[in-house]
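Naming follows writing order (A, B, C, D, E and F), and every chain is counted from residue 1.
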Amino acid sequence: MSKMIEYEDASEEVRAVYDDIRATRKTEYINNFWKVLAQHPPTLRRTWQMVKEVMTGPGELDPLTRELIYVAVSVTNGCEYCIASHTAAARTKGMTDAMFGELMAIVGTANMTNRLANGFQVEVDEIFKR
Amino acid sequence: MSKMIEYEDASEEVRAVYDDIRATRKTEYINNFWKVLAQHPPTLRRTWQMVKEVMTGPGELDPLTRELIYVAVSVTNGCEYCIASHTAAARTKGMTDAMFGELMAIVGTANMTNRLANGFQVEVDEIFKR
Amino acid sequence: MSKMIEYEDASEEVRAVYDDIRATRKTEYINNFWKVLAQHPPTLRRTWQMVKEVMTGPGELDPLTRELIYVAVSVTNGCEYCIASHTAAARTKGMTDAMFGELMAIVGTANMTNRLANGFQVEVDEIFKR
Amino acid sequence: MSKMIEYEDASEEVRAVYDDIRATRKTEYINNFWKVLAQHPPTLRRTWQMVKEVMTGPGELDPLTRELIYVAVSVTNGCEYCIASHTAAARTKGMTDAMFGELMAIVGTANMTNRLANGFQVEVDEIFKR
Amino acid sequence: MSKMIEYEDASEEVRAVYDDIRATRKTEYINNFWKVLAQHPPTLRRTWQMVKEVMTGPGELDPLTRELIYVAVSVTNGCEYCIASHTAAARTKGMTDAMFGELMAIVGTANMTNRLANGFQVEVDEIFKR
Amino acid sequence: MSKMIEYEDASEEVRAVYDDIRATRKTEYINNFWKVLAQHPPTLRRTWQMVKEVMTGPGELDPLTRELIYVAVSVTNGCEYCIASHTAAARTKGMTDAMFGELMAIVGTANMTNRLANGFQVEVDEIFKR
């Protein structure tokens, strides 16, 4: 529905981001999210910079773990696009059917216990306070 | 604030859960969450059963990864108790300061892009549809 | 922390709302929520009007059921003030400890299955479409 | 979109859950949610067990009240599938058009006042602290 | 999907609301939201009254600013209908493509930092406490 | 509760961010959020960069409008820290008591109608689809 900016029609600034996405991900495919964000080039540039550093930069968490966390957040928020795209990304990075099932089980359980802690008005234990 | 049921005052049903928590976690400490849930024994029993299976049962995701996912959900929901308790649990299972920082960066980024996808009304790419 | 407007210091407009709260609830006590909202009289007036009609007006749902629903929403959103005040209101209207435990169990379960439906990307059944 | 496991193709473990759903609900129909969850049998089994106990087990809240609470949570979270399926279930259990309208009015009002309490930073009254 | 009540089929009470919407907005068009809410006339009447006063009544915030705030909330909650309708309304009131991009950037950033503040368990500064 | 990194104890990388915060905001005060984020320098640096560009960079929305939007998101999410800090920031930039009241009224109303649209399953009007 939303207007997408194709490479051919993109400004220099937008093309530079598309080129970097392609180089970083080693694929020609630019997914809809970026083509729609290109409507507002500064948001495209800043968002890609953040996602690139956080998801592909050096760090102690491996790429699959990062995607599992991304999916967990997206599922909790009910973001249809992000669930679809990051579940696909997680599979590309090695997520098996069993891992996906376990991920969903944890996300569901955490959403349940979050509300039980809220509703029962549980006080934080002293030992959990740093 | 909420009433907590101590072992001494607990019914047989509640004690059985407390005993299983202690045996499973290899610690005498029962945290406030369970002592408050003990106000309603069936909820205590069912919740512990779910948490136990999902967080300590056999599976492909290792214990630390499971806790990182739990923290990601709790932070997204803003559940103070769950953030405090599961961050502590994650540290016990090996989460370093760097891992925590990376986890927060991913959770923050996902919460940002979830809203960008919503607000820009991005259509799901065909390749992400299974 | 937030400034509260006491009856003595209130304008005519605010006093009229306070009087109506007292008459409707048959109590002298005005809880903090209303005294803080009184900072912005139109918001106080409109909010009380809505709450009064929805929670105490004629209808098919009895007063206790209405409060249980209010608590369910407040727990899902993690609103500390609303959880405390509406749990107290529900008890006044007859909520037993067992009912509270059952309410929490349903709220927790629904929050869990909401995310499972999101994450597994379940299609709505034809029979559920009106 | 998501793969659904039909009875004919299901493992013993999954069939046992399907049989129990049918027996408990007194209908041959298995809705999509369960057929998709069957991709991960332990999640199917645990989720059904939780939903069955919480929604159909003995308790003080009647079946319709339980469904109204379920709908309230699902609407607050914006879970399309759960709204559709539990609204249908509530109607089966006796929810009239008027009840549905009142339910929506309460859910909307609670979502409004939850934010007013957050935004005005209202302190919890001493009398609401147990 | 949901049943919509057209003017021809509406009761006196519903027609009065439709007439007021048309007069207030200076357009013949009644959007789906109101036609669906008309299923429950008291909810239609109260909701319109609230929206009318808050969005078109006298005040210090101009109409465009009010719509930007409405979109910000709707995007944060992921409400598809509200995002579509209020984005359209904001454009009618003068929102440019650049403003929309900036709005999305702020909404995304706030959703990110909200979680960083939660997850890092940041204490409120004394100077921010009134 | 969370550890805060003071300027004296900060690394070069962290000091550079603190210096930029001070220069940009024209105040010596560094609020807790940044001092806690300094635990993970890359997150501090990236988050500040994003906030700085989005909130103080050139654009069509004025500084006060940007803060109102930030508060609207924070209130919707129930982030206590962000509500306190951005409400204070908005006041510094000119938000009056009346504006704050109107802002809360809009945020409350939007949160209400978001759920009414969800719950009544309203279809998006053709005219709202771009």
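In the analysis below, a contact is a pair of C-beta atoms (placed from the backbone, for glycine too) under 8 Å apart; a residue touches a chain by one contact, two chains touch by 3 or more.
None of the values given here were measured: they were computed from a predicted structure.
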item	value
Contacts common to subunit C and subunit F (chain labels)	A, B, D, E
Contacts common to subunit A and subunit B (chain labels)	C, D, E, F
Pair with more cross-chain C-beta pairs in contact, given A-F and C-D	C-D
Interface numbering overlap (same over half, different under half) for subunit A and subunit D	different
Where subunit D and subunit E are represented by their mean Cα positions, the distance between them in whole Å	27
Mean-CA-position distance for subunit F and subunit E (Å)	20
Sites on subunit C at which at least two other chains make contact	1-2, 39, 42-43, 46-47, 50, 54, 76-80, 84, 87, 98, 102-105, 107-109, 111-116, 118, 120-121, 129-130
Touch-based graph of the chains, sorted into line, ring, star, complete or other	complete
Residue numbers on subunit A that touch subunit F, as the complex places them	1-3, 42, 46, 50, 53-54, 57, 129-130
Interfacial residue positions of subunit B with respect to subunit A in the complex	1-2, 29, 31-33, 36-37, 39, 43, 47, 50-51, 54-55, 59-61, 65-66, 68-70, 72-74, 76-77, 79-82, 84-88, 96, 98-99, 102-103, 105-107, 109-118, 120-125, 127-129
Interfacial residue positions of subunit F with respect to subunit D in the complex	71, 75-76, 78, 80, 83-84, 87, 103-104, 107-109, 111-116, 118-121
Complex contact set, residues of subunit E against subunit A	78, 97-98, 100-102, 104-105, 108, 121
Of all residues in subunit F, those that touch subunit B in their complex	39-40, 42-43, 46-47, 77-79, 130
